[in-house]
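Should a chain be cited, it is by its letter among A, B, C and D, assigned in written order, with residues numbered from 1 in that chain.
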Amino acid sequence: MANSKFEYVKQFEQPDSLLPNTWIVVRLDGRGFTKFSTKYAFEKPNDKRALDLMNAAALAVMSELPDITIAYGVSDEYSFVFHKSCTLFERRASKLVSTIVSTFTAYYIHLWSTYFPSSPLSPPLPSFDGRAVTYPSVQNLRDYMSWRQVDCHINNLYNTTFWALIQRGGMDGTAAEQMLKGTFSADKNEILFSKFGINYNKEPEMFKKGSVIFRDYELVEPETGTGTKTIKGEEGGNSAVPEVKSKSQLEKEKKARTKAKIVVEHLDIIRDEFWERRPWLLSGKPGKVKVAKEP
Amino acid sequence: MANSKFEYVKQFEQPDSLLPNTWIVVRLDGRGFTKFSTKYAFEKPNDKRALDLMNAAALAVMSELPDITIAYGVSDEYSFVFHKSCTLFERRASKLVSTIVSTFTAYYIHLWSTYFPSSPLSPPLPSFDGRAVTYPSVQNLRDYMSWRQVDCHINNLYNTTFWALIQRGGMDGTAAEQMLKGTFSADKNEILFSKFGINYNKEPEMFKKGSVIFRDYELVEPETGTGTKTIKGEEGGNSAVPEVKSKSQLEKEKKARTKAKIVVEHLDIIRDEFWERRPWLLSGKPGKVKVAKEP
Amino acid sequence: MANSKFEYVKQFEQPDSLLPNTWIVVRLDGRGFTKFSTKYAFEKPNDKRALDLMNAAALAVMSELPDITIAYGVSDEYSFVFHKSCTLFERRASKLVSTIVSTFTAYYIHLWSTYFPSSPLSPPLPSFDGRAVTYPSVQNLRDYMSWRQVDCHINNLYNTTFWALIQRGGMDGTAAEQMLKGTFSADKNEILFSKFGINYNKEPEMFKKGSVIFRDYELVEPETGTGTKTIKGEEGGNSAVPEVKSKSQLEKEKKARTKAKIVVEHLDIIRDEFWERRPWLLSGKPGKVKVAKEP
Amino acid sequence: MANSKFEYVKQFEQPDSLLPNTWIVVRLDGRGFTKFSTKYAFEKPNDKRALDLMNAAALAVMSELPDITIAYGVSDEYSFVFHKSCTLFERRASKLVSTIVSTFTAYYIHLWSTYFPSSPLSPPLPSFDGRAVTYPSVQNLRDYMSWRQVDCHINNLYNTTFWALIQRGGMDGTAAEQMLKGTFSADKNEILFSKFGINYNKEPEMFKKGSVIFRDYELVEPETGTGTKTIKGEEGGNSAVPEVKSKSQLEKEKKARTKAKIVVEHLDIIRDEFWERRPWLLSGKPGKVKVAKEP
């Protein structure tokens, strides 16, 4: 067929499958969001509507891609985690990244008017870029998540103080920046409290901790200790041979996941407790579906 | 700082810069568009509104990313080409792919209501995936473009005949498929003409040729032959040393590009003529800005 | 300087550092060794001199590259393992592979006359190719090692029977091949014993198990259980943060390694025992240096 | 079969095929050759025996791998070039690099005693590392070759002057280094001539230009101009579709290559003339075999 003469160009596609048995993190970031947030007059230091929109878009991504285990968002960035056993799209980096970024963008644009009803979008439109990183061990993955949450904390404490100095203290940006140069956390807490009566600890959890999204099953009591094992002893099983699950098994697990409610929380994901009580996050096996509480 | 303990996880990011001095093609494809086109009742075999929307989104991508030289779209796919000298985002594959896919998606969603005013979008939303491929030579690049346009032609002739058999001939899908099995182009042309009085050559150019988007400068007369050289003899220059352009030079070229009108056309991009008359596409140097014609 | 005009070509070197915190296996294979073994009349099914030469070359590689933890060889192939924390050559794949392959080849050629004193080498000379693979978990690594040793066993049992049929049974190659088609291990053992009085279990360990090379420290008693933990619970430690060892610490460990004797053994490396009694192999920390026994 | 349980580990091998239609350069470098050259008392600034040995090893590599088009060596490094159309080992980087490095090392060790008959090798043995780089255009490739030859010139002029100051001028290393700091080529030429009566231009070509190895066919007269086209207009052909050569065609070309004598020369490879007169180097098509001259 006439086509074949040119078809050789397909040979130039280079494979980009990510190493098996590693945790895949796809992180996306808003492009030029400083300018964008000015254009739409985002509240400083945090605009609840903007964060809620980010969370809504991320929630939609998780609904459409049940392979995602957990997601963590702060400011204009979001990280999505695939379990190390995930084989979605043969683990091709560009396919995973582009699918997540595109789906996220689609919902961000689509839901914009829900969160900013009085500020219709106009070009240039908001957009996101993304990349995939692999982590070989649970500890690496948890350290990645911790890294993002520590970053959230550091930035939010800084921004809260910075904008208090400007908005309530009447300083300009340069003066505020100068004042905060070289200060420690304790100093910033002190400035907030002594100057403005703000107790940083009472700031909204979403601002201080960021947002974590996951499928919600029944929590496991930490004293049973089973959670701990799952986290620390990831090689506790007797083989790393990729478990060949039957189609019906996979189908069953997929259904279990679909049933589980996806929740957006603002929790500490650095300490063990979060992971110990939710062993399904690291085991990759669906937990026990929550029974609806009596109303 | 507290952050540093976890910051080591950044070391796991693997570089993905594409080989210098190669043409970069980023192609995106609609995800699950068969189902999607059914949901929104796209006309068969071609829905002009859907194609116009694809073109509008691609045009917006080209406006926001002046580094893109040319784009070619057919059906639910679009290819964007960066000149081999492009250094945008240090040529990082994931950044290039995700930025294009995200920007395209943003406009596709945003402009949807313009093209489908009576069919508001609802979840699951349309999305796209993408990948980057590099081509070392102009000929490889042109063969890639030809490959996509030949594909467009083959698919469109098939689909036009297939749907004629169904919509006008009253066949069902299976019967139509059976009838077309093993036929050549000439056979399909004959079926269209003898059974339905359709002259395939008179079908809309957009359906037959797809859409090509580029910055429009003054055409170069082919007989001067200068175009030819630019295309075939890409090494005609005396060095491949990456031309170090001064900032002002780059700024000037960027301005020239910004001034040029971006057009959507439906032309033959397989034959030399298209490229010879538009030497700026392969040379990477802006052409002569078109003077507006007398009204 | 005149040089700078061309120096841009360095930009085309693509980085190839292997993912941190993964086990690196470099495997090399003899090129065209079927032909080569015929040329030098290697004994069939195993030539002890040829295997001893492989082991001597591998031992030299381990001496020159103390970062190698363990090596396993069979036939004309050898696998070298770097601990997951290894940072040698910034973990660049091509540098690791080429260095090992070159050093191995150098000793293979240099020591040839020691093992084949009456068969001087002549062109074309023996050579090896190699590749690097990374494994994220201890289990993956151990499964890799098991894979090679099982392969050794299967091939050796086959070859031993095949050559017995030819050398002692007077068959030709085709007949022997035909006879072994579809047989199981038990069948081959039976053929060996009933036809030739060979008890396969009494064949030399080097032929049945291949060769494993490592630094030899005092064995750990398995009942203490500390070994087990090291192997299974690789995340037992409280952080995956790459331990930043002081220079003096690194120097000390290097010395400890240099003191340890490197041994060539023919042991079962599939079962836990091998690894449990030698926890230094997986922990990456030197063991307790063996005290020389009374003479 | 028992094997299958572990065989999954093969999935961790990542593909590393180099981009099609690009020139592949494999460069190897001596490891720790400063120390090595001291151990064997190499003459300074150039040891003819050591360079001849490098050349002999490279020549053997080219004989065993007819896919190599040209090689260039200087000091303890050697670059081997594969034509952009080469498909050897499916263009896998690690296979190409390890094969070349291993073959080179084998001959270096094997031929050592020919060039250093009175200095038998002893551990640690010399070894080499290597890497592969791809170049999309002829100009990039030629610039790579020029880069190495300019490097050769700069280093050799420096070293010649440096060692003259020491060996004939009685300076120590520090004083010589100090004296040469900031000097230009003309200055060094002047020092050599005025102080030691050395005319740098009369130094051996091998030292000044390095060594270039290639298959020698009949030279093409530059005035015919056909050479020029081949070099500059690499896209002169009407398609980049990988020429599918018949097996007999490939066999024929291989034979033609085998017949051609491989020569070691010390020529200027920066100027066009070298390439224009030897069009087979860049075209990839064997030239006209030289007719033996009358004796």
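The rule is short, and it goes like this: a contact is a pair of C-beta atoms (placed from the backbone, for glycine too) under 8 Å apart; a residue touches a chain by one contact, two chains touch by 3 or more.
It should be emphasised that the depicted structure is a prediction, and the values quoted were computed from it without experimental measurement.
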Pair of chains joined by more contacts [C-beta pairs], B-D or A-B: A-B
Counterpart interface for B-C, drawn from C-D, A-C or A-D and sharing over half of its contact pairs: A-D
Interface residue overlap between copies chain C and chain D, same or different (over half shared): same
Distance between the centres, which are taken as Cα means, of chain D and chain B, whole angstrom: 42
Centroid distance [mean C-alpha coordinates] between chain B and chain A, Å: 32
Touching two or more other chains - residues of chain B: 6, 8, 12, 14, 19-21, 134-135, 140, 143, 241
Partner chain C, residues of chain B touching it in the complex: 5-6, 8, 11-12, 14-15, 17, 19-21, 241-242
In the complex with chain C, residue positions of chain D that touch it: 1-3, 5-10, 12-14, 16, 28, 31, 60, 64, 92-95, 97-99, 101-110, 121, 123-135, 140, 143-144, 146-147, 150-151, 154
Chain B-touching residues of chain D, taken from the complex the two chains share: 19-22, 84, 134-140, 143, 231-237, 239-241
